[in-house]
Amino acid sequence: MEADLILKKLKEKFAAVIIETEKRSEKRCTATIDPKAIVKVAEYLYKDEGLRFIIASGLHTRRGFEIHYHFSFDTSGLILNIHVILNNENPSIESLSNLFNASNWIEREIHEILGINFINHPNLEKLISEGNWAEGVYPYRKEFK
Amino acid sequence: MSKKFLIPIGPYHPLQEEPELFKLYCDGEIVRDIKWETGYNHRGIEKLSESKTYDQVFFLVERICGICSTSHPFAFANAVEEIAAVEITDRTKYIRSIIGELERIHSHLLWVGLAGHFLGYNTVFMWAWKYREPILDLFEMITGNRNSYAMFKVGGVRRDIENRMIEPVTKILDDFKKKNDLLTGAVMDDPVIHARTKGVGVLSRQDIIDYAAVGPTARASGVAIDVRRDDPYAAYPLVNWKVITAEEGDVFAKAEVRLLEMYESISIIEQCLQGLRKEKEGDIQVKVNEIPEGIGTGRAEAPRGEVFHCVFSDGSNSPLRHKIRAPSYSNIATFKKSCIGQTISDATISLAAVDPCYCCTERLAAVYDSGSGRKLYNARELIGLSADRTSELRNKNDLK
Amino acid sequence: MGFKSYCFKKSLWVFHFGGASCNNCDIEILDCLTPRYDLERFGILLVGSIRHADVLLVNGSINRKDKDRLLELYQQAPKPILVVAIGACGCTGGIFAEGNTFAGPVDKIIPVDAYIPGCPPKPEAIIAGIVKLVKSLP
Amino acid sequence: MSKSILIDLMKLRTIMAEDPSLELPEALYYPTPNQNGLKTIRELAVFRFTCRKCEDAPCIAACPADALEKDSEGIINRHTNLCVSCKSCVTICPFGTMMTDFFSHHRNKDLFYDLDSTEEMEKFAAACPPGTVTITDSRESPGENIFRLNNKVLVKDLLYKTD
Amino acid sequence: MAVYLFYFLVFPGLIFAAVTGAFLSWFDRKITARVQFRKGPPLLQPFYDFFKLLLVKETILPKQGSPFIFLAAPVFALFGATMSAVFILLPLFNIKSGFSGDLLVIFYLLTIPSFSYVAGSLASGNPLASVGGSREMKLIISYEMTFLLVIAGVIMKSSQNFDLYSVISAQQVSSPFIGSISGVLLFIVAVFCIQAKLGLVPFDMAEAETEINSGAFIEYSGVPYALIKLTKYIMFLALPAFLTGLLLNGFNLHGINILWAVLKLTGVVLLLTLIRNTNPRLKIKQAVSFFMIWMNLIAVIAIVLAYFGY
Amino acid sequence: MSELINLISANAAMAKTEYAIIITLAAGLVLFVIPDRARTFKGITALTVAVAAAILTAGLYSSGPQRFIPELWNAGKYLSLRIDNLSTLILFFVSLFSVLILLYSIVYLKGRIIKNFYSWFLLTLGCSYGAAVADNLLLFLTFWGILGLTLYKLIEAKNEESSATAKKSLILIGASDSIMIIGIAILWRLSGTLNMSEIQISTGSPLTAVAFLALLAGSFTKAGAFPFHTWVPDYAMNAPAVSSAYLPASLDKLLGIYFLARILNGMFITGEWLTLLLLILGVSTIITAVMMALIQHDYKKLLGYHAVSQVGYMVLGMSLGSVIGVAAGLFHMINHALYKSGLFLSAGAIEFRTGKSQIDDLGGLSRTMPVTFAAALVFAMSISGIPPLNGFASKWMIYQAIIDFGSGAGLANKLWVVWLGLAVLGSALTLASFIKFIGGVFLGRRRNELDKVKEVPALMWIPLSLLALTCIAFGVFATKVVVPGLFMPVTGTFAFTGFWNSGLVSLLVIVSILAGALIYLATGIKKFRTSDSFIGGEKFHEQTAYPTPEFYKTFGEFRFLSAMYRKANEKWFDIYDLSRQAVLWFSHKLSLGHTGILSGYIIWVLAGLAILLLIMI
């Protein structure tokens, strides 16, 4: 499956929630979507299209908290990033861990380093910060001028 | 009616070299639940990476883990080169692949040895590690170091494998192949190993998909994913090889996959060496001036599975955000599936089967005697020891 | 040189504490036990319990979580115990010294008897370091 | 063409001379597609105005990392990815063009005013000492010593020319 | 009285058994190293280890658990080992004394060390030690009957005599018991039992370093650990010697035969070492069924064969 | 009065016996009148009486075997008594245990109410004396029957479970009594006498075999041997520790095995097949019970199963038929009574202080209850047969007997390896389950809530220590003093075929303990440091305590064994539950309506007597 094809399919199915798409190369593309639709989109990708969840990257920018969910389509080597932007105050998003276990840890980790709340996560305990830094400290958050 | 009791494995436990705490909730000897406590090894690499330049990041990611100290730079280079849109030279590709595959061999051997050690089979441990030494010698010959080779940079590699090295490398590899046959036989045919590993720690296809496990862990359960083939990079599209899979998903299958992969690696290296002969010597770098703003995702197949790096660049000389996903991150989570319901002994080998790894460049001056503060050995002497050995090796193989 | 310290020197059992390391040092330590280097010929054994340890090999940068454990282990070790800091990380914090969880190189936490620098130090360097340490004992 | 920002470097220099503790805000702008890398307006300005554009540039020769290059106009361009911040260039440059603070190890776009957006542009102007930075419609006018640094930024300074 | 104390403390008891055992344990380590292409420890290594633990190292008592039993267990273990060594070695050296080498008594004495380890491990209050203890105990249960069957087989072969003197003389008069099919089978079974009793791979699950640190001994340090080492050295002599007495017609200490005796003993140790270096550790469950089913079966077959005179 | 003195001087032994029986029975009855509030007073009275009786019976020791028909009542042949070395042995130990247990009960029972405990206790004592000396089977049966009743009364009916247990014990014992009655009837038919000393028949014909088996059932039920053992563990779990220590652990064993000795070595001449049967029952008792003990979580129930399993060794010894076998069986019986009642008393002490009955809830009591711990350790080591304690000595004798037995020609003889193997396996399993008991209760990590636990009062630990010392003494002096002194008179002299110099070895134990202490002292025990457990550097966690009851789970994982355990839990092997339906139906008919279990029992016995009379006439 090539980048164009999957982006087209996404646009067809989720026209309402797709904010922007970008194709960087034949094997790399990004779709920015409305955070509320993340579970639906992920479910579609995982169950219907058989994509594998690699990891999610969370980062803090001026635009707010951004998460890139990286999905891999192993037969063609495609990496699709599902990109969401969360607002700066009280960032939260629906967890994917009920869909697949692979996202369990990373969501916990993002929760620890950035303070993003994952709704319905089965167990949002500390993963790495225990003893390493205090509750309420989010080392990957930034102060912007 | 019986309560569950906790057996801690770790954090500083001879099962793992690295600190990690597994809490096995046991009922008698049966593991009923498993919990992790991590963070013992948290070094904030992703954060550190944001404060280093791209060139420095290579040294940092190399030290995510010493065992696959090439996979991470590999994936990182892939990611950054994607942003910078550079195409590296063929010679670079071959060199990168050779290093990557040598590393796979040394890592798999290391695993076989450790697995033997976990099983209390120290002979296998010693043998595997003995046979691993020539591979480390190769590394030392090529890169000057046994681990953490410092070979990669954006757009190329730092050192060339000169054509005069090809001969001795092939020789050592041939030697190694014979020994590997011996070891493979010893492991695959031992009935007691069969008894200890077959049917133990089984992961089904569905578990693999659910946990998104990668590498030999996935391949041993019949999920044939291998980044080298799926999303080809470096010299892998240029050589012939095949993806090894097994169906059983148990510890033995994982061992089998790893043992057979070593043969593939050897063949890849041989083909790459052939490839090198054709290329021009010294053509190992493309100059990359600037890293533009953008996102780059790079992958590489480490011995343990897919390494994934996602680099967000804002155009400066260091990453804005650098997300690293090591294979063990996905694979360790499968313990929950593979260990529960097994005995403690099985649980430990199941843990080991995934080849978990949780995981460093300033050099300090001296060995001190704490009492007197007297210097016993200074840095130069110690490093000198290492250097002597490197040159000895090179001399032995008529290089220089 | 008394009989006691002679025996002590001839029979050093090491316990390996891997802090937040990159594994390389860990592996090189194990490597010392393997056929090529064979530390056992000096009577050195790797043990699984801190109670049996004579030498505490510490490698890796120590993060905050490790710090308490390291102190605890040092406390639990039967004296006399020698502490050897291995690798750049153990000696200074190495590449991770600026990390946000770094809690100080080993010697800030417990007294260190010997430093073996290198990233990772080669097995020869580790052995040479330990042998020097042993020679320096009274 | 929309509004540009005009930085009066001459005025700024006098103000800074009066009050050495003055902290200036920094801003950046990606001038052209082939000029990537995070560089401040100041660095760009310095290379354009202060640098003597030496014929056989000692800085380029000194750089151990091949990070310095002259572009077609003869203006020095420092490739951020290659520069290892060794500051050899600083030492070698006979005119003090190179400044040590160009080479801070790590820069993050988020910490600068990004002149891409008008809003930020205004903020930047407000943050600077009064009168030094203005937002104008005016164009390059070498007579007034106003030169265009790039399509968003005008700089008022004495331009050093080789010929 | 004094002569008994001499038997017990000096020869062939504590000191003799410990020194010989220490050399045997060095032999074991050396062979292991050789199998693994290593050089191995120096000859006096066991002594360095022992004296270091005894004289140099600090002893740490458990905060949890029972310090008294913790300290008493190694002493009791040492007693058991020494006592059994005396019972075994006196007949072997053909010294007539009050200790008569009653097989049943030896059998029971030989369980004392294991039993003491278990008690000590429990007294340490360490959960990993408890796991080790429980495994050791399960192992005892498994091999105990098997070991007894071996002894029963020997008793049968020596026509219902069950003292080591008679067993040895019965063999020296005719031929060693191992010279028959049943003898060979018994020997095989006995070797495995001894392997388990010595806690060597594949039956070292009670001290599995990589699973439960050092298992039963995790909390021991300093002096008590030195005593445990000593016990192990003694057992390293006592058990192979016992086997020599049971099936290999004991020692004959005249002239060149002394060499034979030494060869027999080291031969048995060599066999044990080779087994331990060519096998991974079994799981406790596998060990249990190994003894309970297979070894018992072989032992029973051997006994039936012995009954019919094979 | 003068008549009494006359009697004593004329026939001292008999008189002493009679008085012992009468004063205990009478005192027991009198104590019924005194309200339970004056418990301590009752206790002291009972103790005085028991001591008096003990002195009386102890005096019998040297009197030698004799048989008499007491003139006092002149009740003819039905009241004949017999005193021989076996009876005196039993009498002596019955007294010993009664006194020690009474001593213990005075404090132990302060907090609990068992109605008329001391009365029933004394009645039990009296009847035990009676049963041990009765020569006439009917007289014997009467005492024997009453013992079943007192057993029932000595358990407090505090809840459903305990009353069910009481019922179960009563019915099993009652049923076995009636079976015995039938056996006795047949015996009478065959031999025409009811005096044990006069009966001697061989078990050749089916009828004699039936009679033998009927009597065997009685003895097995009382002693608690497979398959009639099932009441013992339940009783042990639900009855107060003193009752368990008193009856199932000591007196019932003494009497049960006593009777077994009588029927095996006097009344019947057993054939090969019956020996084989007995041996099979013996080893089954050992193995089944110990396997069950292995998986128990309740320490009293665990002890209960051991009370069963050890019987197997006695049966084994007895049924071998050799002198040494019988002596070994008897020796083991005495040893067992010593350590098992000791164990029950220790269990009582633990329960007294902690109120917990599950091993899981306990741990680390060795520091807070050192005396109890030391005693329990001695008992546990004895029962597991650790040299040089008494348990080892008697087991060692049994093994010797088995090996000797092996040189015989019968099928049972040829299978000696089986008996020996299983006996040793049983011994290993016993060791295992006692490791669990000692480890779980006394060693390991103490739970916080147990921090305040104290040692029990002196009146409780004194009997415990006495028992423990006896255990040690019996072990140390086994070959030189105890066996020749106590058992050879009963069985006749024999020579050991093995070599075990317990005294010497014991001495060496002391030497090694001293040497050990010396080493520790010399190397500076003062400087020993304490530190928390090493578990990989983590701080200790409440949860990490690995419970000893989990020890043997592995065994339960074998498919065969797990099925067995499941079935056992479903009471598939419980003869009581199997026959309950039938028996209840039967007793229902006999009691003319379900009027309660006691009346049912009485009717049982009456019905049995009726049948007996019918046969006799």
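Which chain is which? They are A, B, C, D, E and F, in the order written, and residues in each are numbered from 1.
As a working rule, a residue touches a chain if its C-beta (ideal position, glycine included) is under 8 Å from a C-beta of that chain, and two chains touch if they have at least 3 such contacts.
Since this is a predicted model, take the numbers as computed values, not measurements.
J.: Among the chains, which has its CA centre at the largest distance from chain D's?
T.: Max centre-to-centre separation from chain D belongs to F.
J.: More contacting C-beta pairs: B-E or A-D?
T.: B-E
J.: Report back the single chain whose CA centre is most distant from the CA centre of chain B.
T.: In terms of C-alpha centroids, the chain at the greatest distance from chain B is F.
J.: Return the distance between the CA-based centres of chain B and chain F, expressed in whole Å.
T.: 66
J.: As a quick test, compute the distance in whole Å between the mean CA positions of chain A and chain C.
T.: Roughly 42 Å separates the two chain centres.
J.: Distance between chain B and chain C based on Cα centroids, please, to the nearest Å.
T.: 24
J.: Taking the mean of the CA coordinates per chain, how far is chain B from chain D in Å?
T.: Inter-chain centre distance comes to 45 Å.
J.: Among the residues of chain A, which are close enough to touch at least two other chains?
T.: Within chain A, the residues that touch at least two other chains are 61, 130-132, 139.
J.: Out of chain B, which residues touch more than one other chain, so two or more?
T.: 5-9, 11-14, 19, 29, 39, 42, 44, 47, 51, 126, 130, 320, 343
J.: If you look at chain F, which of its residues touch at least two other chains?
T.: Expected reply: 529, 531-532, 534-538, 544-547, 550-552, 554, 557.
J.: Can you list the chain E residues touching chain B in their complex?
T.: 32, 35-38, 127-128, 131, 134, 201-202, 204-205, 208-213, 277-286
J.: Name, in rising order, each residue of chain B that touches chain A in their complex.
T.: Within the complex, chain B contacts chain A at residues 36-39, 42, 44, 46-47, 82, 209-212, 225, 227, 230-232, 294-295, 297, 299, 306, 308, 310, 312, 320-321, 323, 325, 329-330, 333, 336.
J.: What part of chain C is in contact with chain B in the complex they form?
T.: 16-31, 34-36, 46, 48, 50, 60-61, 63, 65-66, 69, 73, 83, 87-89, 91-102, 111-122, 124-125, 128-129, 132-133, 135-136
J.: State the interface residues of chain B toward chain E in the complex, per the touch definition above.
T.: 5-9, 13-15, 29, 116-124, 126-127, 130, 190, 192-193, 195-196, 343-346, 348
J.: Please output the residues of chain D touching chain A within their complex, sorted ascending.
T.: 108, 110-111, 113
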